[in-house]
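Some notes on the structure that comes next.
Note that the chains take the letters A, B, C and D in the order they are written out, and that residue 1 is the start of every chain.
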Amino acid sequence: MSVKADPNWEPKILAFCCNWCTYTGADLAGLNRMKYPANVRVVRLPCSSRVNPQFILRAFQKGCDGVMVCGCHPGDCHYATGNYFTRRRFMLMKRLLEYNGIDPQRFQARWISGSEAAKFRDTVTRVAGEIKALGPNTRFQEKWYEEGGEAQ
Amino acid sequence: MKRCYYFPGCSMAATGKGYQQSIDAVARKIGLELVAIPDWNCCGATAAHTMNERMALALPARNLARAEQDGGGMEIAVACAACYSRMQYARQAVLSSPEKRAEIEAIIDMPCSGSNPVISFLELFSRPELMEAVQAKLTKNLNGLKVACYYGCLTSRPSAIARPDDPENPMQMDRIVALTGAEPVAWDFKTECCGASHQVDAPKAAQPLIHRILTNAREHGADCIVTACPLCALNLDMRQSKIMETFGGDYALPVYQFTELLALCMGVHPRDFGLHTHFTPAVGLMRNALKKGGDQA
Amino acid sequence: MSRIGVVVCHCGTNIAGVVDVERVAAEAAKLPNVVFAVTNKYTCSEPGQATMKAAIEEHQLDRLVICSCSPRMHEATFRRMLKDTRINPYMLEIANLREQCAWVHTDKEKATEKAIDLMRMAVAKVEQNKPLFTSTIPIHKKCLIIGGGIAGIQAALDVADAGYQVTIVEREPSIGGHMVMLDKTFPTLDCSACISTPKMVDVGQHPNITLMTSSEVVNVGGYVGSFEVTIKQKARYVDHTKCTGCGLCETKCPTKVPSEFNQGYNKRTAIYKPFAQAVPAKPVIDPDSCKMLKEGKCGVCAKVCPLGCIDFKDTAKEYTETYGAIIVATGYDLIPWQDLYGEYGGGRYADVITGLQFERLVNASGPTEGHILRPSDGTEPKDVVIIKCVGSRDPHKGKSYCSRACCMYSAKHAHQILEKLPGANVYIFYMDVRTPGKGYEEFYDRTRADGAVYIRGRVSKIYKENGKLVCKGEDTLLGKPVSVQADMVVLATAMVPAVGVEKLTTMLGIATDPDKWVQEAHPKLRPVETQTGGIFLAGTCQGPKDIPDTVAQASAAAVKVCGLFSKDEMETSPMISGVDQQKCCGCGFCVNCCPYKAISLVEIDAREGARRVKKTVASVNSGLCQGCGCCTAACRTGAIDLSGYTNAQILKEVDALCL
Amino acid sequence: MEECLNARSGAELANSIAARAGVKLHECYQCGKCTAGCPMAHAMDLMPRQLVRYMQLGRMEEILGSKSVWLCASCHTCVERCPHSIDIPSLMELSRQAAKARGRVGVKTVDMFSGIFMQNVKMFGKSHEALMEGVYNVTTGRFMQDMENVPHMLKNKMVGIEPHTTNNPEEIKALIERALEMGGEDA
């Protein structure tokens, strides 16, 4: 049973975006009618620092193939210092995920401002491509645990 | 009372002979034991780093290593500004990274950890215990003598290496010399360059430097210049008469080492440290100053 | 059981052209608890809203999902709409099918799949929504202004003229700040005192303004609308309620000390007004120099005072009051160049002075009655050198930033020297000449026409030779080392934040940048606000600027305060953090990461089995919390949660995506 | 002809020298405080500020052929006062070494003096002032330079005929050779 073999397989990617920068940038991409792959689903949050690491684990557990956390550029946080916490938390998170066998490319933190529509498009396009190349994620997934949680 | 390693430097055997003798005399008086680094070598001065950075670090590093081998674990006091600078550079290089240290150790072919701190003679004599010891041994004073303390470049700069009390207006020597009752003048050229070896290899370009230093000291009312470096003293002293000829100026500013003033006020006979051997006549000013100053109160 | 309604908007063809909206609605209808699902041509239009309102009644809906454009577009519209329905405005979620779906995808199939996902996520989230209610906080319509320089003065007058009460706190005995020390102001050359002292008098006489000089803020609590502020007024030893400011005491006081106002160039008495036009125009006693206060001898002032105003037993007093808003206008000081620039003599030369000292020397009411004379010997200088950027644009010894006002006041100094001292020469060492202001470049042109010699290069050393101050520089345009022999040197020294400002910013809980300038909420769009609601900025406390910019910013801050005061109470967003005190372990991680200092640790009575115990828990100040949610991710026990974006809501959204 | 700034053939060397000196070239805004304080600037053909400028432009030709890199006295006044602490003495030194490696010597006497000094150290482990000066005068043909001071020195035994040495001068010689064998990073 290999999902990867399915040529029509499309990854599901979850993006946590802060309301003030990245979500605005994503809206601007729409206003400018920019085009990018339809793999990404955005969850709108007030600030990237609202993202609890638990959310990311849950996303992988429930079958997401990739997760992005996007916020204002460091120094430009709407809430002054929130994204500094984000940055520190997710540097740690990335290493934890890597340690647990999740390809680091599956989890990406990106800073995209409200004016960087093109950056949003490019980032989403690139990440979607990268994760598509990686194939479906199976680690952490409920199914994986049910099957014994060992070698895939 | 106090022991430390001592790095005299090459000039001390030649033009810096008087400096060396005055250092010895003062050290004896105040009970400072200066242990010469066994089998020390030339620090490389400016010539070495003109040519090759590794050589410029390895030469002084060998002296650090020699001091470490001796096992005394004491600070290394350096009497010459250039030697001091090079030794500090070497120590900081050794301490900077294990790779740099390994490279230096390979060149000098002995271990070198940089464990012994390097200090200048000015820093050494500025310490409260030394200041007190000097004060206790002074029998005569130079009240009223106006001196311009000249620090030169390398005891002040780069400040991260030389660690002066103030890179633009250092006061260590001023405070030491003030113990004798002499009055250090506030002047502008304390740390300006004397030209160093360019006085030999590019004299036309470098001579105005000496002239400016002398002029400014004179402008601020100094009777003489005091230094803490054999090369600074040599440049300001030996070349003085010729520079006066070239650039004009009908005065003479005798040049002393700070230890010479201390020795003198401790009652050491000037002949014992060759006061009469200075190029710019230096005995007369001191004779008058001592006469005026009288005995220490 | 919840009753969810889903409305999928066509947005004309904007959404429907790419997304199969009917299919999205059909999929929605299949979801549990969705009792109503339709599409609508234009949901945000009046008919669209009416249809929804009717459906809410008809189907007894208790929550609503609208699949339309970005919530940043119409969330507020739809919340307003819900206000007059049975649904709480916060029982609404919006799925962004336009900006983040239809407009960015071309593959209809994939776009529709994504739209269904987004709809499902919104439905999952809305199921977890709880009704939220905006609360209001009362606004005390009284404004505190910290600092009585031109920024504080302007802001105070603007707020007071709008009819609100204002208190100015100034730590010196008079308001006026730096501006009143200046002689003339660029580029128009109007007399600084002539234009600033009338404003000072206005402040002193304004019925809505309370002036607290010799005072400092010592404690700040509360939040926007009701800050509790404690102000300490130092002992003045003169009863200002009785004093008429006749000045007899000043003429008789035997103690003379250097005048701070005149930069030490002349003396003032121990009982003194800092300058003639001081406001309040009443003296204070300087306890550090008064003989009576130091040694118990003298008391001449008390003897001559006709009204018995002198009270040597006066003590400092503290006042606590409630303010609805605070304007920080603490201004600047000049960098202590003497400690940093030994190469410029480190303060050893009396004739190497700062621009501010020059202002006093050239001022008609100054110590030299406006004659430009050298401080060392009182003679007229013939050759004057002006050195710019002393401490500015110099990260090694000073500050990395440009102090902004120096290029212009240096040009003004040059102009004044050339005007007042015929035959004098002025040499200005500069790196760049920055004149971005109305009439500034023209003024610079005029100064060069006056004869000022501009030399591009930084002076490396000033030394004395033949009685002259030799300034050694490079003319970088010639590429040659040069020197100028000067009689006097004026240094354009960097502006730095006022001494002691850190103490105040810590008290106020507002951020500063690495140079200790107060940080504005947004450098472009919120330049006079701080991150803390109700605290505003005016003038150079925020960064170096000249008088026009300072005054403009002060008025802007005043408008912000008036806007706040125009309402009796303020609605606060209900989407803020809250603590489950049962779960909270009191670790305080949330306290440290909150950018608004909105969380504090408090002690509560709790039960541990049968015992009553004291327990330390976190508590959120709803007036300060801005709802970023940073604390929620720091919480180890999950005790703290953000209303509107709760953990449960977000997790359900995540789950819904992956069904 | 005007200078064409598109040619940046020295950029690689300039950047490598800057990197080894720990200098960020872009930080220099050409205020000239370095030149202003430089005791040797009056004799230089390229001001210290201009050295940095040429490096910013990636033009090493002018630097390698200059007298300035040989006249720098390593007094460190420039870097001490520079607003951005740009280590010009190191730029000078590394440029000088690069020039020397390409056989270009802007001021021959300076190069000779260093050479003789190091030769001296190599032979004896310590330097010998009088001997050095003597060899230098002979090498440069400036026979009479500083000779007026010799009688005074001899009279006061400030110069010995016998050079002082380290215990084993061979050791220092080997040390110097090892250092030189490792070469400069660029040269």
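By our rule, contacts are C-beta pairs under 8 Å (C-beta built on N, C-alpha and C of every residue); 3 or more make two chains touch, one makes a residue touch a chain.
If you're wondering where the values come from, they're calculated on a predicted model, not measured in any experiment.
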item	value
Chain pair whose interface holds the most contacting C-beta pairs	B-D
Whole-Å gap between the CA centroids of subunit B and subunit D	23
Rounded Å distance between subunit C and subunit D, as computed from the means of their C-alpha atoms	52
Distance from subunit C to subunit A - Cα centre to Cα centre, in angstrom	36
Computed distance of Cα centres, subunit D from subunit A, in Å	56
In subunit D, residues with contacts to at least two other chains	42, 77
Subunit C: positions in contact with at least two other chains	343, 461
Sites on subunit B at which at least two other chains make contact	167-168
Pairwise chain contacts under the document criterion	A-C, B-C, B-D, C-D
Contact footprint of subunit C on subunit A as seen in their complex	10, 12, 14, 19, 23-24, 26-27, 29-31, 33-36, 38, 41-47, 49-55, 58-59, 62-64, 78-82, 85, 89, 121
For the subunit B and subunit D complex, residues of the former touching the latter	10-11, 13-15, 17, 39-42, 44-55, 58-59, 62, 103, 106-109, 153-154, 156-159, 167-168, 191-193, 195-198, 200-206, 208-209, 238, 242, 274, 277, 279
Of subunit B, residues touching subunit C in the complex	166-169, 186, 188-189, 215-216, 219-220
Complex contact set, residues of subunit C against subunit D	343, 389, 393-398, 431-432, 456-461, 472-476, 479-481
Footprint of subunit B on subunit C - complex, ascending	341-343, 345-346, 348, 461-466
